[in-house]
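Chain lettering (A, B, C, D, E and F) follows the sequence in which the chains are written, and residue indices restart at 1 in each chain.
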């Protein structure tokens, strides 16, 4: 089972100019064959289906723990898409009519982000096709699963670079800069696991694809913090045997790999503003805010929401506070 | 992001007689339109995409927190399937040849559990079709999303009952007995959220479908423990505002709804035995065990695996301990 | 637009021994590439999309009118499947518990007829895959569309014969005996339309596939009534120009083709009995019956349902009449 | 079975400026999860699969009758798309060569409307993905099916508004203005059915989503005619018991709900002009017209087509009349 | 089994201005329902599954031999797409950074050609949906299969014309000009086979669709060479009985059909240049060239690559020759 | 382009007892994610899309040449399935009626082999789901593509073993015994290519999965002939540079790898007998034989079919020879 923490693994910028076609491209990192839903679900199913896990505990722990990190990755991708879509609808009439609020979205690459979603992420790829379970490989054979995982991370890094090249939106760049580093760590982890298990040396395959992360500005802060050589342990007490596999020199830099015994501190998410033209969260969101305030009060909770967001002071609840007062 | 805990939300029995067709049916609860992947991903995406969440914090917390519980549900379904498939292959020759180990699986309803998987769960439904992202509804409109979620839980409970009726395998019955209770709690939660938000009273729809859980033996222990009226909070510090929504009388029993401020204690999983005919985790799993022991030792970890399982004393690591000694 | 008539185009027998695997096979005639959903939707879309229809009125009328007949065909296929599945669940305990009511369904070929449906038809094929819009061909080019339709009917007749050979269930045989005749009429209609339009003589292709309907007992009553050479007009006032195309000799028998200026008289459907194990229409259907009686009374309708069914005197409403009295 | 009437349920405008991207968006109302194919097929299958229908006659009649209306809705959506696409291809050479007639369509969002179709509607959604049978919910449990139907209509109305906001094309606006009203009626019908059956009061959920139809100009003529509170009976003699459910006050306006004992008068469709670049209905449509005229004459039909269209006097048959004379 | 020849069936022009949206449209000819993957796989499966082939040898040979030609067609379509995409990415920085190389691709219709592929063809249609096996019809009934094949070629020719009209890119025009001719030959072949087998005369259906190839400039050189009336035999020694079916007059021109006893001479392909922004074939392709040169040398092969391409003197190997020298 | 040879790459046994469920399982080797359609299409697309191929000629030749071998593999899989299905239908009446010929097929795992096919192979997997283009990976990055291909062959070998274990039918065993050897060669080829390109030594991964081919009887004849260490060149004149990559010691046996400069001699296929119940090749196949004989004669071909099959003397043409005489 899991515990959920209401923070992002890394800071993402607030909304700026909307970029609907860029947001459509980022969907590949969510629901594509090599998207984060695929890494999440591959490792999740492999861990669920792991037989003889006590005997192979370091390997089980590795797969199960990386699965946990991937949940945070789908969260980052969704947040990025939502950030890029914020502001992409507006009523030109300014008179309360719904007018032509989505007229620019008509020619956007992914209309379902607006029609089926609330200007928001969907479990789809960059062509609008849904993620599906055929993308999961869980053969039960540990060597095969690790070979697959190494390949999967390789493909995933390729896709992240392509999306990096496609859109310069600050949120997309922040996302891909971070994920290129983290995906690299997972590649190393699976290659090292294969090496420990079979003796096969995959060192010379790195980097693969040959992405020059040292030339990508958005990767630098993460490299400086050592994010490229560190595996986080995402559990209060479990998966401690990852240290038995994730060690030795980094195949590219030669630095020692390291295990952090807790998740990254991460960052608070921005509370993305309502988009009334798509009824997210409703046509009149301030009414929901009022109802919520009453419910909170009735439950003996503080007047202010107990959850935290990065942009406190700019959110809807702040705007309606006077009225509530 | 999440933290992962290596325990199940509820105890499941160890393998007994294999039941491949039953395991194929249980797949509906994994990858069907109303399976646990659907509940997990619907609430996960709705929480990621929630705009104006500070203003609507009690509702955001509710959806985000139930999403966290659902991860534990896909784990339970996978474990059940794996338990039911354990022992379904065997070499009739007993001479080390691979023989006709899967001859009985040839006519099983889901051959891919054996061919693509290691006698294990797949992200598919009971007809072997993969789960896909079209099953996710995340409109951004809070009232609509809650209406959907109420309907989704209704359909999910229906499917659980059908699977209950299909197979009497102890693992399947333990699973469905538990999930019928937990699904009921989620139905109540979403109905109550709708009521708080709009005033619409859905009380008289319960139970829906009209499943007489009081007559289902496998539901009784959970009802006695109050599992039918309790919402767990699956987070170290977040989602505390669920109490603002999940309160008042239970629509069927009139008892007060209650919030548990931590996850359930749950149970250790069984370490399911290797199935060498399908190479899970390999053709010669004891070699992996030996390698793992050496890695553990090199990393300064204890000789015994640090992770715990329910069936300690019967696992592969115990069997090869002498040899390792 | 359409008007709906609560009768079947042909009489189907009441439930007898259930035949779940046969019902799974009949699904091919519903949701397969050559199933009735395909014929319905192909002709429907072609008629909606018909440009310059005044100029080509006889051809437009032909396609639009056959589309209308096909709606009756999906109704027949659904009714057949439902008939074959009636009685396939039962509680072995007889004590009101839900017991193992679906234990035999566990190994049935289509478990979703029980899990997703109420022992009933689904828009799927014989492998449980959903019908989809890719099966529709609507090019706008009249000659091409007619060529397609001739081919589609050819494939459809092939599939009907295969299903005939697969199951001897009385409902399946009644269905396929009838549809083989009607599909033959549509083949002739499209071949004749092509001939009228281009001069190409397809006469010698008949019968195709070379199904000896004269040797199939279940076809005989329909052949005797002339169902193999008659096109019905399914409209109060429209589509009268079908006579301009559907005329001349039948390619196999030489008899004159004829147009009936109204739909067939058809037959009343059986009211298939509730299946409480799958909650169809509910766990306690007699309660619904009581509620319905009260609503009917409040609306000034007669005590007896105003709709008619073939098995009046055996239905649920009869069973609960005393109680209601 | 059905009878088909060659009229639209509401008047739609003739072609004006083509709007291919708008037409791609309107596809969501055809083949999306919440499109009219979904409402049609959900209610159709639910009615086919209805067990114990005599006992539950008012509910059976309601579902079966609304299914019939939905057929008219897919017709309206198709006609709208076809209207919006009319004129979107043209030969720039004017010399009979096929030239670059589709050069502008190359960058249109849905190229298959031109390649697979004749500048016409397809059973696809706004992303070009085909409608499929997984969108049908037909559990057999009446309460569940009604809950689903209420949710389905809610999602459908949401999508209609989004398309309204996306394109201001007159045909799209006429369509969505009408369907927003009719979808609202179906929402009320299913909510009322649930109330009659269980007592649950859903009144306060309305309107959901909170679409202010009173502010949408294209809804006004329909509201003025009472289209928002009237259920039509689409059958010569059947489904008369809908009055037992569809009664009482409208949840939003308090007006009495009413049942019209016949279908709406509707309107004649426009005969959309041939598009020779895409061979719809052929490269040289006037030849088809000549052939049709001869066939009509040979069959003893009048010289003029017997079918009626809204734009008589502007159609192809008028243009070639002299030549035929 | 097959032997592969490293030549194209017809000459295609070298890259010129890139045309991504055009390349997306050409995908329909690859992976659409009527694309070349469909013709290839339909005839391949029909030939594999042909029962009683000795008795029906001329027909078996015909289907098996046309299957072989189709492999060359998917090669032509892929080459066309790759040609049209060449140059569509570029680094605006010119400083070795990956910059915004794909910024223009962000709004291209098929982003996966860049993200999943190396600016290259995918087994998808013009909407980015993957080709799938449902497009294969292989009933085993010879007359039905031939009827299908005639229809398939008809639809394929339609789609080729549409793509012709969509893009004037030289590669696309060269492709469609050629395939319109070759598809016409296959139509004639299947129509003649049907005639030989049943006597049905389909002559008057030609041309269908009524494409005026005589007015299409890009068809002329092929018509002049007689490509419209010639069937090639694609085998060293087999399929010689095609002459028993493919004979008699061409339905349109009356010319004698002819069989060429060998494949066409065809043309060398262009060696399309690397696209480093998408890592095709790698970020630093000249390193691969150097490694290859060494491997070639170690294997005793000549210094120059032994394979031939059309643009010798302009390829990467030429560029790095000095360095290698 | 290709030339086709009417021989199998290896001998397969004639039909014996039919094994429909076994044939359904073998479908995984055809249309599964790791089936032969996947290996064929992956390498085919990678070769089509290969940029800078002159510079990387040895690698291009390797991929292009293995693609050619895979076409022979889909042929072997299809032939195996068809062999296993031969005899699975029969008319119990023996009186010319179509009777219940497919009654046993009703409960077979893949009913579409009978309904859609002529008791024959389909492009589907073992669950009856169609192969689709999402299974193709063609990134353009050579190192990535080779990594993928190594993984793909690993998964493919796993699946072959599973099918080996599932059915002991002689055809299935002959198939899997051969393909396990050939797949192993391709694994070695791609691993060696990666090594040559990057220096990474994958030797110790072999065998993967750890299939003990030395213990599998059906592999022995092929191992004895050296099929496990030999790469065939499938081209009259091209792809000669494969020798630059495929050399050095075999990772498992240390033997020298070798390249055969021509395809294997292979074997004649059996002419599988007609199955009249499914109209393959027609209801009365002897009529086709008579027509074919006349066509052959008219074309000046010999009386006997010119194509060869393994079971000459037992085929339909032999049976009807007297009559023809």
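In this section, contacts are C-beta pairs under 8 Å (C-beta built on N, C-alpha and C of every residue); 3 or more make two chains touch, one makes a residue touch a chain.
What you see is a predicted model, and the numbers here were worked out from it, not measured in a lab.
Both chain C and chain E are touched by D, F. Steps from chain D to chain F, minimised over paths through touching chains, total 2. With centres computed as the average of Cα coordinates, no chain lies farther from chain F than D. Overlaying chain B onto chain F using CA atoms gives a rotation of 120 degrees, to the nearest 5. Interface repeat of C-E: among B-D, B-F or E-F, over half of the contact pairs recur, by residue number, only in B-D.
Greatest centre-to-centre distance from chain C is found for A, with centres as Cα means. Residue numbering at the chain D/chain E interface overlaps only partly, since under half of the positions present are found in both copies. Compared on C-beta pairs in contact, A-B and B-C come out with A-B as the pair having more.
Between the CA-based centres of chain B and chain E the separation comes to 48 Å, rounded to the whole angstrom.
Chain C and chain D have CA centres that are 23 Å apart. For this pair, chain A with chain F, the centres built from the Cα atoms lie 41 Å apart.
The set of chain E residues that touch two or more partner chains comprises 33, 109, 116, 127-129, 134, 137, 139, 141, 143-144, 158, 209-210, 278-279, 282.
Because contacts link the chains in a way that matches no line, ring, star or complete pattern, their graph is best described as other. Under the touch rule stated earlier, the contacting chain pairs are A-B, A-D, A-E, A-F, B-C, B-D, B-F, C-D, C-E, C-F, D-E, E-F. Those residues of chain B that touch chain C in the shared complex are 21-22, 24-25, 28, 32-33, 109, 125-129, 158-159, 161-168, 209-212, 215-216.
Across the interface of their complex, chain E is touched by residues 33, 134, 137, 139, 141, 143-144, 147-148, 150-151, 154-155, 158, 194, 198-205, 208-210 of chain C. Residues 1-9, 31, 37, 41, 44-45, 48-61, 64-65, 67-69, 71-72, 74-75, 78-79, 82, 116-124, 130-134, 136-144, 196-197, 234-241, 243-245, 247, 263, 266, 271-275, 278-282, 285-286, 288-289, 291-292, 295-296, 298-299, 301, 305-307, 309, 312, 315-318, 320 of chain C are the ones that touch chain D when the two sit in their complex. Residue ranges of chain C in contact with chain B, taken from their complex: 89, 96-103, 105-107, 109-112, 114-116, 127-129, 277-279, 282-284.
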